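Paired with chain B in one complex and with chain C in the other, chain A is shared by the two complexes that follow.
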Partner chain A sequence: MQQNASKKGFSLNEMTKYLLLVVAAVIFVFFSILQPKFCTVNNIMNIVNSATITALMAIGMTIVMETGEMNLAVGAEATIAAAVVGKLLEGPSFNNYFIAVLIGLAAAMLVGALNAFFVVKVGIPSFIGTIAMTTFVNGFIKIATGNRYMYSQYWPDSFSFLGQGKVFGIIPMPVIILVIVAAVTIIIQDCTRLGRYINSVGVSPAACKNVGIDAKRTVVLAYLLCSLITGFCGIVLSSEVKTVSPTLGSDLLMSVFAAVMMGATFLRPGRYNIQGTIAASLLLAIISNGTVSIGAADFVDDLIQGCIILLAVGFISLTHKGGLPSVKFNK
Partner chain B sequence: MENEKTVVLKVEDLTKEFAGLVANDHINLEVRKREIHALCGENGAGKSTFCKMLTGVYHPDGGIIYVNGKKVSFQSPAESLAAGISMVYQERNLVGHLTGAQNICLGREPRKGLLIDEKEICRKAEEIRSRLGIDVPLDVPVDELGAGMQQIIEIIRAFYDNPSVLILDEPTASLGEGEVAPFLKFVRNLRDELGMAIFFISHKIEEVYEISDMITVFADGKKVLTAPTKELSRDDCVKAMIRAGRQKTVTVKEKDFSNAETILEAREVTYDNKKHQVPFTVKRGQAVGFYGLVGSGRTETMEAIGGIRLSEGMDVSFMGEKIAKTEPVQMINRGFILTPEKRINGAFPGLSLEDNICELYLDKLSNKAGFMMFDKMREFALKVLEKNEVKYTNVEQNIIELSGGNIQKIIIGRSVALDNLQLLVLDEPTAGMDLGAKSEVYVEIRHLVDEENKSVIFISSELEELLTTCDKLYVFHDGDVVAGYKRAEFSKERILSDAIGRKE
Partner chain C sequence: MATQKTQANGRQISKFVTKYWLGLFTVLVFLFFSIMQPRYCTVSNIMSMLSSTCILALVGMGETLIMCVGETDYSVGMELTAAAVVLAKVLDHDGMTNAYIPVLILTLLIVVGYGIINVYLHVKIKIPSFVATLGTSLVATGICKWLTNSGSISSRRWPKCYTFLGQSYVLGVIPVSVVVTVLIIAVMWVYSERTKSGKLLYAVGSNATTCEYVGVSVSKQKIKAFLICALLCGIAGVIQTSMLNSATPYMGTDSLMNALTVLMLGATFIKPGVYNIPGTIVASFLLRVISFGMTMMSAPSFAFDLVQGGLLLFSVSLVTVIHTRQSKSIG
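Moving on to the complex of A and B:
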């Protein structure tokens, strides 16, 4: 009897595992028919580009969510890194871009470390702790940017390298960055002890404790890794548009969240995974690009995104008993 | 022969205090090679504390532990593991999406460079598996295995470090009846084939007598006795376990139900798109036991009738009325209450005792405008607490601070307070309780049926308690009622063979 049940679940899983990509393909074809300009090399590059930024940040968030915690401070981490880089290079006296980036990343990781401290050591629920941290960091962002779009004529040319550079004259730099980050994080997630512990802690913290896995250390490392990636994402984004917006990260937060949630329906339904997060980012980018290119009003994108989060999480909560780590359903 | 029986682990005067409370008082004990040593005692008797000192979780306040003749002192669980003491905890410590092999190596994955070496994991797990000589799939996610298989995977994991002493903490608590026998055989094999010294903690006396060579009884933090199982009678063992007078005796008088009113009569219930034949009747003032393996339909049938489980149709009459589609609220209003299998699902963790008790009756305890009447609530709560002899410190304390037995008393107590209660369904009410607490539940059940003239359906996996408490017993197998017995016809062998589906 047990054998039967698991078999049935298996075939259902097989069917829904790649649903996300199928949906993305269908929607892509749909927009291509409605708007011929949609399916051009140029526009596809646009889609990939905007998916890249969401995906980068969402990879960071995924890593934390896999441990069963939340990180709503990813936006703040991205913004503070970009703001620090922008501020450091603002004057004529200092123009070493490389060092500025390192300091920017350090700032983001400091936020990550504080998140980890309050969530792991103090024991504040991560949902609340990271929202509070966002507000706190926003204060510093306002100090650095003056709460305006920041731009400086002294910024070195290298400032726009990460965002606007092209490899072989065609592939945008952010895409290369995403491929590298994705490859490294997927290997960490699937093939290293850290990745296995991150996932195990999310599924069963008690079991980890009893077999001698340091759950707290694992969560701290996840927060740090996350802030490193999201901080870098913020720097790439500011480099791409050559300004630092004080709301650079918070503008992205909802899409990032949507991507992570939706990603949990992909490949390993019921569990967050980086592969799914990337596929979901692509779907979201197709939808927002498509709605703009067919000339729909800008609220349509919001409506669709909201529906998608509800659908994705609803799907998981209906099909998986335990629900997602960090979003525990009462079942 | 003497050589074979070398002492593997010995403790002398082991003592542990918590804030002035003596949890372990000068315990002296030894366990030999090729020996299953059962540790018995009620909850809180000191077994867990004792084991946690052996595994290095607690540091003893006094006394000495010898492993293989060497004096040891553990600062952490890792040191205890290294010394050869391995424990399998009562709760499952598996990560569901990982395979058996991955779980066995969890926390100490072999690596190739920076990456996990999956091949080595499989090889290592397979090696331990074949050494233990047990057949269990190691390459599927443990989520897809049954409780018994999962338990075995945990034990395989315990063997990762080649232990000389194995501690099993209530290993059968989560197993269905059909899984227990093969599991016990496996444990016996560990003793005979590998010469293991095994501590076997269990609340189930039957099991202890079936498997152990030696028995040690704990009570109130002290060791009461250690004796070879063959020389210790069950009565003496039970007497030693329960602190004087804590276990209440249950008496069941012979009653004639032929003229009593029929409360519930069922013939067929359909759920999960399958029709099940469940012919049973419950008369007024009767305690009816439902026995069957986990998943045999005893819980499912009652949940379907109570409206908790979705049912596609049923042929059931309650109080002489035919019922079809049921809703929990509607059934409660008609006097049918079900207390769920997992105690915590019947309680509101985080709320006070008062709120937990009054939650069901807020309609009656509030005025017409919908405001709650706090003085009436308090009065009602105190009445329920007192009537059911709940041990508590404050009516406003959080319910999860109470012991399982006391939570159960509150859940039963408040259900019983329903004015027009006709039928109370108790699903595994004694799971995880010690003997003293269990006996109080039995007494409560008899009190309900004998004095208050209510009817009770008592669902349990422990045949023994049904035999002592019930007037009538139905056996479930594969969703259907396969047999029914009156008290006079109770026969353990026949009921057990019915439950596993054996045809005579």
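Moving on to the complex of A and C:
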């Protein structure tokens, strides 16, 4: 009898864990019925493709949030990487795409290192530190791009490879990138010592210190890893649209934030996790693609997204003891 | 003996500088620009600086109260937008044009209702405040886009008094918006610094558990903070739509970031490490002093970002370092 009850509770718990994916599936079926064209291979690739950019940036943010810190500079990191790559290749003299990408990533990681410096070394609360860093880096982005959409005829053909290339003529390159990045980061998160340290620092930095985990070093590594991924994400996005917009990252920041927050309801409710972040990005992409394909006005997109965030998070908050982690900006 | 005295003196000076650093800096920057640019220190320029501070200060104060009780309101921008859109839309109907005051009151009530929904989701359903307000602001964005057809609305049917708050002057020099804001600032200043009800907000922010032990209802304080914040943002929205003589669903997109910037800067003033109303007001004026000065000296747009970001990083680092030296942590 008791076993039965516990089994029932277990299955309900399982349901809550995968609520986000269930919602995504329901909405997907819903749009497929309304619009037959929605459920074609081509369109599914489009959806995954558009989820990629949000997901990549959100993965970066998730890693930092797992350590209990914040990183609002992900947008600036993505933009500076794209802007540096665009700027380097602008003239006719230099057109080695590979080296340009490496330098772009280095620029993003420099921002990540500065973030880590201010948060870990100086001790500024991470939320304000990264906001200030965003504004500061924005100045350099404006210098590099001239505060306008940047495009150059001297950009080599390989510039659009990361964003527009297709594998087997059907799977877009960004999807492959997402799969690779997701696999690597999930393995780091779940199967390596670094991932376990990152999560334990997020749960209790004091306990970590007591058992000899270097909390500061872990946070620094998280920031660096985050800036590497987000920088790469910026480069992929600029290659996809073949322009570098000075607001490329800041436009995405809030949907990235939403994805990370919603992700915390998935798999391990109450903890930010990469699997959840990816599921949430997919859900958001399905909604925006679906509303466009059934020809609804653009406000429907916002309404559905808002309602789903409230319902999903509200449901978890009501059913889970202990609730969800609150974002505390004043630690 | 003598060294002890100088040490004590030095400590006092450093304490004084930390406390009033932001105010002193504002005066210094103002003097600097006045010397560099004779047109800067004229009555008309100061007045336009003040009137552009209004929106920032009002939204900043609202967000400050919420950060005081340890929560975050993502929806300040949408509260502002909702007020503007509702006011503009209702006054657009025939027969409503003469009822400016009732419509104004109705608008503010609607925005306060928005605040009630936010706080209900947070306090009763226990969704983390950031996620709850993120969700409601997405829903509100949808509704505002629907009301305005995703565009800007302005109408000839609006009564003349529509632009009274934002565009007319008292005695021909002082903008009405400044008078209104100064009145609200005075009320808020006295409320937050001198009354018991206001001090309870700070108390809840500094330690919620202790407050519960001594019989202060934390959720009641949170409700108060959210309602006042919604009201302030509503007023800001009404003033802004009156200044622009139009309303769009995108009016409040920058509000959150700007509000956070000023309240973080403000946390370095008077009570270092605590978000406070006087600090927020001084900080919002400082930002406008800098941006007006740099525009007048025709500085390139990236310079403003560099200065604002650098200033934020510097001032917060300063406060953090001095605090750690006094073996206290910020916040």
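One rule holds in what follows: the second predicted complex is superposed on the first by the 291 of 331 C-alpha atoms of A that agree within 3 Å, B and C clash if a C-alpha of one lies under 4 Å from a C-alpha of the other, contacts with A are read in each partner's own complex, and residues count from 1 in each chain.
The working rule: a residue touches a chain if its C-beta (ideal position, glycine included) is under 8 Å from a C-beta of that chain, and two chains touch if they have at least 3 such contacts.
What you see is a predicted model, and the numbers here were worked out from it, not measured in a lab.
**Q** Contact-wise, after the overlay, does A:191 reach chain B, chain C, both or neither (first, second, both, neither)?
**A** first
**Q** Have a look at where A:30 lands relative to chain B and chain C in the superposition and call it first, second, both or neither.
**A** After superposing on A, A:30 lies clear of both chain B and chain C.
**Q** May I ask you to name which of chain B and chain C touches more residues of chain A?
**A** Touched residues of chain A are more numerous for C.
**Q** Considering only touches as defined above, state whether A:271 meets chain B (first), chain C (second), both or neither.
**A** first
**Q** Just checking: does A:314 make contact with chain B only, chain C only, both, or neither of them? Give me first, second, both or neither.
**A** A:314 contacts chain C only, not chain B.
**Q** According to the stated criteria, A:123 is in contact with first (chain B), second (chain C), both, or neither; which is it?
**A** In the superposition, A:123 touches chain C alone.
**Q** Using the touch definition up top, name the residues of chain B that touch chain A in the complex.
**A** 77-78, 89, 91-98, 102, 106-109, 111, 114-116, 140, 144, 146, 157
**Q** What residues of chain C sit close enough to touch chain A in their complex?
**A** The touching residues are 67, 70-72, 121, 125-132, 134-146, 150, 205, 257, 260-261, 264, 275, 300-306, 308-310, 312-313, 316-317, 320-321, 324, 329-331.
**Q** Using the touch definition from the top, list the residues of chain A that touch chain B in their complex.
**A** So the residues of chain A in touch with chain B come to 2, 6, 187, 191-193, 196-197, 199-200, 203-204, 206-208, 210-213, 268, 271, 322.
**Q** Spell out the residues on chain A that touch chain C in their complex, using ranges where they run on.
**A** These residues of chain A touch chain C: 118, 122-125, 127-129, 131-143, 147, 254, 257-258, 261-262, 297-303, 305-307, 309-310, 313-314, 317-318, 323-331.
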